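The next part holds the structures, each set out as structure tokens.
There are two complexes below, and they share chain A, which is joined by chain B in the first and by chain C in the second.
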Partner chain A sequence: MVHKLTIDGKEVAFSEGETLLEVAQRHHKEIPTLCYDTRLEPFGGCRLCIVELEGARNPVASCTTQAAPGMVVRTATEEIEAYRKTLIEMVISENREVDVHPLRGYASGELAKLRDRYAVTPKRELARDRPSRSELGKITGATSGTSKSDDNPFILRDYELCISCYRCVRVCAEQEGDHAITVMNRGFHTQIATEFDGLLKDSACTFCGQCIQTCPTGALADKKAMRAVPVGAVSNRAPLEKTRTICPYCGVGCSVDILTQDEKIVGVHPAMDGPANQGALCVKGQFAYDFVQHPDRLKTPLVREEDGELHEATWEDALDRAAEGFRKTHAAHGRHSIYGIASGRAPSEAAYLMQKFIRAGFGTNYIDNCSRA
Partner chain B sequence: MSNPLVDMQKPDVIFCIGTNMTECHPVAATGLKKAVARGAKLIVADPRRIGLAEMSHLYLPLRVGSDTALLLGMAHVIAREGLVDEEFIKNRTVGFDEFFEHISQWTPEWAETITGVPAKDIETAAMWYGSADKSAIYYTLGITEHICGVENVQSLCNLALMTGNIGREGTGINPMRGQNNIQGAGDSGALPNNYPGFQSVTEPANQEKFKREYGTEVELEKGITKVTALELCGDSIHAMLIDGENTLLSDPDRKHCEHALRSLEHLVVIDIFLTETAQLADVVFPATAWGETDGVCTNTERRVQRMRAAVPPPGEAKPDWWIICQLAQRLGFNGFDFDSPTPIFNELCRVSPVYAGLDWERVDKGEYQWPVPHKEHPGTPRLHEGEFVNGRGVFSNVHYRDPAETIDDAFPIWLTTGRRLQSYHTRTQTGRAQGIEYLLPEEALEVNPADIEKWGLTDGEWCKMSSARGSITIKVKAMNRSPRGTVFASFSFADVPVNLLTGSGYDPVTHTAELKVCPVRLEPL
Partner chain C sequence: MTVIPTNQALIAQFREAPAPLLAVLHAFHDRDGFISEAALRDIAVGLRIPLAELFGTLTFYHHFAREAPGKNAPRVCTGPVCRLKGGLEILDALSSEDATPMPCAGRCDDCVPVLKGDEVLTGQQADTLAVHATPLPPPNPGTHEECIFAEIREPERNTLAGYQRTGGYQGLTQAVTTSPTEVINTLKESQLAGRGGAGFPTGAKWEAVLNAPGEPKTVVCNADEGEPGCFKDRTILDYAPHAVLEGMTLAAYATGATRGFIYLRYEYPQTLKTLERAIAEAKAAGLLGENILGERFDFHIYIRRGAGAYVCGEEGSLLNSLEGKHPFPRNRPPYPVTHGFENLPTVVNNVETLAAAAEILRHGAAWYQNLSYDKNLTGTKIISLSGDIQRAGNYEVPFGLPLQTLLYDWAGGPASGRSIQAITSAGLSGGFIAGEDLGITIDEPSFQKVGAMLGAAGIMVFDDTRDMLNVAHNAMEFFAEESCGKCFPCRIGTQRLTEMLDRNAKGHRARRALIQEIGEVMKATSACGLGTAAPNITESLMRYFPDMLP
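Coming up: the complex of A and B.
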């Protein structure tokens, strides 16, 4: 059975179980959110997704309200938009800064984007007693979050930017099933912490980096990516480029975006629409990418010379030498003296050509790959 | 995997055996955790009290190498309790009557004597697996890296066949592949018995096809496996081309392996680093790495996906396909004049029935899981729906066998090996990733605290670990995760070459090494 409700004057269909936010997003309503991550259970914490619902006394959070037949919803009335602006002003007033480096994390620019969209202009009035908190909106007052010093090399815990959306806590519990972090205290004293408020490495944290990537303010940030790019004005840097590929480690085949700047890999983002991972990654896929541009990489062919050592060689010489060796062995011992081992790490084109090299070239089936170890 | 990764959230009962998924396939494990949070029951069989065991509803701590006995005992209970799916057995399988008779002797009490798992827990596991609507099996190398790897897999198939837990959502027999393109390497025909797309090399029609395709004579016999080839190095094998494998560290019995590679007249290695294996080569070619190479890979659920270059390679490094083409052309081989990976993959699709409906453009978004037999086909997320490729599912009347070596007075402790979350294989990659050392600075042997005392060792100190093949020194770490009498180490660290010790035997069919079982002796240094 098809259910219908009305959004901004238009009757639309929805399926059982959908929330008002989901229905609205399907119809391209740009409803602001901060605590929302499509992969997580709706939370209703930030209240930015409020909509006007006919018959309800107050605006309702669209992310936690199930769509029901006959509902009449208005997503962006003047009143609703004014509420949202005030909410953003209040959120920003608690934070040290709003403009953060995009390498902090996948979603780290969400708060800054909403500030711009709602034209929340910081007055930059320095409160005398809190000189470090410089970028304030028209609302001033108490702040929340104390940054945590943690010597781990991957996850920055800059809680002065925390807005208590709990996305990190929820992604760790719901998406990863690790429950490594939780919420401590309430109100302005709210703090994200591990059990016993210690270091991440002493907790159940696996350093998968999911908390970094869902954080909408950069409070949790990718230390490794930030180390890769020298601090400086955003405008002075070459643009970040993203290349969609598949993680180089296990066989799950997680989709990732490699982040590059000036031909340097500076980080990895999970692909939220990756068919095998839907945004999830592990510590290797998230952080162990820099072997690629490591100084140990082989840069030229090497050939063993008469002194018994490997020496750098040109491609011409190395290829000639390699071919000559196979030719000699083939002549002396026949086709069954040559064996090929294909890689389980290189793309399929390499494996395909390896087997063709042996089969079409030497006329044998003396080919295998590294799956037996 | 018979079933797609998304199915991991859907079973009522999940049976994990020989898979340390939270460390080795962490993202896949998140699916299982969600299933458990939703109310699915989790049964975990593993010698070590791994992370999955901690979150399980029923943990079966079996002795290393006793999987077949455990699974026979479970099959016995399922049959005894009448939990078989008679409809499925009648319509889709053969050999159940003989199998029914075969398993009548393998009681859970017998299985307890082999595995050390209490008979009542084996019964509970069988009852759960057999009575749920949707039961799914997940396994990894803990099943296959044994001399009885084939029997282990057949035993799992028996369970799925007798209960009809295959060919439906949330069920299946699901091995997790361990390398990003190990599935693709097999798909592409880098196997001694199969042409691309798992077409048997001994089938005359396939031989004709590839004779025509490659314009050369083809071999009529199966080739030999890598394990056999390494055995024959210096004897009848005299030259090797190895692409991107650190054979020396990843394979069992390192001394033997090094001797084998050194006895070759000609060794050519293609790799991104000067690995321990590349150091033995006569010629080393620098390959482009991940992030520098365009190509296609296939994941554990048979999903065919594109990898893309993001940065230029260092120095003169070249893609693997280019290197092989250049070498082939110098040897006068035809059919290697490629100038990009695209026509190579398209040729693979043309000759492979499971990729026939694919090409370079169609795999752009990673939507297809093979088999994709033609261009209109949507792909096959779930195998064996409706029917098996080879007709009917066959029950296997397997028998339990002891590991190749069993503990004795000289080597009284079981060593089992594997990976750790933070490192990968022989650390050619993770060992060069900044920050990983903070989480995993060194290798250590996980020993039960009571065994530390028993063997006179000290937690945090070095010890000597010996097997019939050699000795290494390794740091001792007290871990309750290891049961009494069994120790664990990864093979990742070059300075702790655990594969000096392993290599007691191989599965006679697959030639997979028994890396999961190796009797050892521990002595304080």
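Coming up: the complex of A and C.
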């Protein structure tokens, strides 16, 4: 059965289980959000996604409201837009700054974008100049969040930029299943922390870095990427380029966007639309890319010559040498002298070929895979 | 020699029980006086809760200490009324004992409560603190029949024998001879509505749970009573615990629920003992447990104590707290009647609502309807009256009674020579009422007409010597301290409004337009009743005291 509701005067169809936000987004309504991440359970914290729902006393959060037949919804009335603007101004007032290094994380520009869209005066200007009459309405006050010094190589924990949307906590629990971080305290004093407010390395954190990528303000940030492109060097260097590829490490095959500047890798973003990972990565895919441009990286096969040293060789020579070794061993010691371990980095097809090679080629069942630790 | 139970023994005691986390945390807190890192690690493993999550949840509750002196260090009430009666001075005097402040502890009729371990001492000076029994409601002026309080002043009413001597459990005994639908119909006819603040019709709530699919169903008695200036539930629980048990059991019978919880606020340790005794008595008498009253109907009640979080009185937050989750309020719909405790149909009712239900099932709907003062309304409401008033206490008033009658005739008005400057409504949640508006009658519509709320009906009186800006600032500070932090408008708004009401803060010029704007956003967009109610303070302050903001 087709269900219908009315959004901004237009009757539209929806399917059971959809939220008002999902229906609205399908119809290209640009509803602002800060606590929302499509991959997570709707939370209803930021309240920016409010819409007017006929019959409801107050606006409702569209992210947590299930669409129902006959609903009449308005997504951007003057009143709703005014509430949104005030909310953005309020949330900006609790932060040290809004404009952040673009490589802090995948979503780190969200707050700044909303500030621009709603033309909210930056707080910094207020602090510098004496507020003029027209700015008397600007919201100021104590800032929230205490940045945590945590000397891990990957994740910056700059909570003076935290707006308590809890996307990081929810990604960690719902998407990664790690449950490494949590919400400590309450109200204006909430603070993202690990157990006993310790360091990430002493927690259940796997350094997958996905909290970084969902953070809408850059409070959690990619230390590696920021080291690669120091502040100040952002604008006066070549533009960033993004290349879609697949993480080479394991058979999951997570999609990633490799960020490069001047042909040098400066960071990795998870591909939110990656079919295998839907924006999730592990520490390897997220951070372990240094090998790509490392001087010690192997680029051609090496063969040990009579002098006992390794020498560069062609694939043809190298494969011949390997085959020769197999044959010799097989002849001298029998089929069970050979044992194959397939790489966990190989896709299923390669793993299949590998067992075929060992079983059919040598006639032994001595075959295993490294990722069954 | 008493054997100190091991960590594993404490966990094992509750691991298989429903809603184990709060029970386990309290067991450790009671044993050690605080919850150590090692204890938390064992609890996380024992109850299969991720350690970080458990740690975060623990920090949400202000009464759970993580180090000595912890539980035994005094906590001094610095709520709105106790501030008028020496709370801050006592806090100061006890500083050498590591005393810390706590928000209103529900003892405004007998200030100042100081919580020490499992005891509440009261007194208006540090050296006169002593354990006192909960004050009984002041004598009724005799002009109006009461409902819940009618027999509450009878001796031993908090025992099963005393309760039964005054008609207790008659309602339940009769009800089980009729059908659940008949019980619900009686309640609907009485027009009883929730007394915890939101005023949802009780009969309809029970009916929704009866009709909702999913089992087991649950009845939760909300005894969190965290609203400043409210202390009615404590009086009911201390002097008529069986009325509440009877009300819960009726709810169970009417809805088919088999398990019940009383969510009791931390600040009522003596009430805990009273309730435990009452439950044991009722069980022994076949009024609770298996095969109640010989019928084939089982219902078990478990007590779970909160640990210092006002928002845990909000039903979604309460249910999360019971389930051992982070006590943020839940998004609604769905409502607890279909998705309550463990996502199953659940009745959540206030203490007073349940006690009234027991009386209604005993005396009939028509009797209850006729108790009101204004015959267009039905029934009674208990008002917790405190502050600058001669006879503070709980008054059961018939709906529609003029407010002035309560304030002056029943409670004696302010001290002689003083006049009433303002009162609060719904504890703090309804904001202030002052001036001519004090001429209203006591019922929800009348209070709402002047921009206030009757709600749970705490009324705090401030006489003409009080600095209302200061009162408003402290009130907003309470909301800021208690904001759970889930939603932006409340988390940031309560903080900003507190700053703007602080007369002493530098650099934060109070700005009416901005206070107005933030308040409106909070009212329209906050995710629960805390955030939507808090701006009633600023709104009413500006309405009645327009010159007060600098």
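Heads up, the rule we're going with is that the second predicted complex is superposed on the first by the 280 of 373 C-alpha atoms of A that agree within 3 Å, B and C clash if a C-alpha of one lies under 4 Å from a C-alpha of the other, contacts with A are read in each partner's own complex, and residues count from 1 in each chain.
Simple rule for what comes next: contacts are C-beta pairs under 8 Å (C-beta built on N, C-alpha and C of every residue); 3 or more make two chains touch, one makes a residue touch a chain.
Predicted, not measured: the structure shown is a model, and the values here were computed from it.
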Message = Applying the document's definition of touch, where does A:F188 land relative to chain B and chain C: first, second, both, or neither?
response = second
Ask   = Which of the two, chain B or chain C, is in touch with more residues of chain A?
value = B
Request  = Considering only the touch criterion stated at the top, classify A:S337 as touching first (chain B), second (chain C), both, or neither.
outcome  = first
Request  = Mind working out whether A:H27 is in touch with chain B, chain C, both or neither, as first, second, both or neither?
outcome  = neither
Inquiry  = Once chain A of both complexes is superposed, is A:F196 in touch with chain B (first), chain C (second), both, or neither?
reply    = second
Task = Would you check which partner chain A:I50 touches, where first means chain B only, second means chain C only, and both and neither mean what they say?
result = second
Task = Pick one for A:A180: touches chain B only (first), chain C only (second), both, or neither.
result = second
Key: Complex contacts: residues of chain A adjacent to chain C   = 34, 42-48, 50, 58-59, 61, 64, 66, 79, 83, 86-87, 90-91, 93-94, 136-137, 139-142, 144, 163-164, 173, 179-190, 193-197, 203-204
Residues of chain C that touch chain A when the two form their complex = 37, 40, 50-57, 59-60, 309, 326, 331, 333, 480-489, 491-496, 499-500, 507-508, 511, 513-514, 517-518, 520-521, 523-527, 532
Remark   = Residue set of chain A touching chain B in the complex reads 151-154, 174-177, 201, 206-208, 224, 227, 241, 243-255, 258, 260, 263-265, 274-277, 280-285, 287-294, 296-304, 310, 315, 318-323, 325-330, 332-333, 336-357, 359-361, 363-373
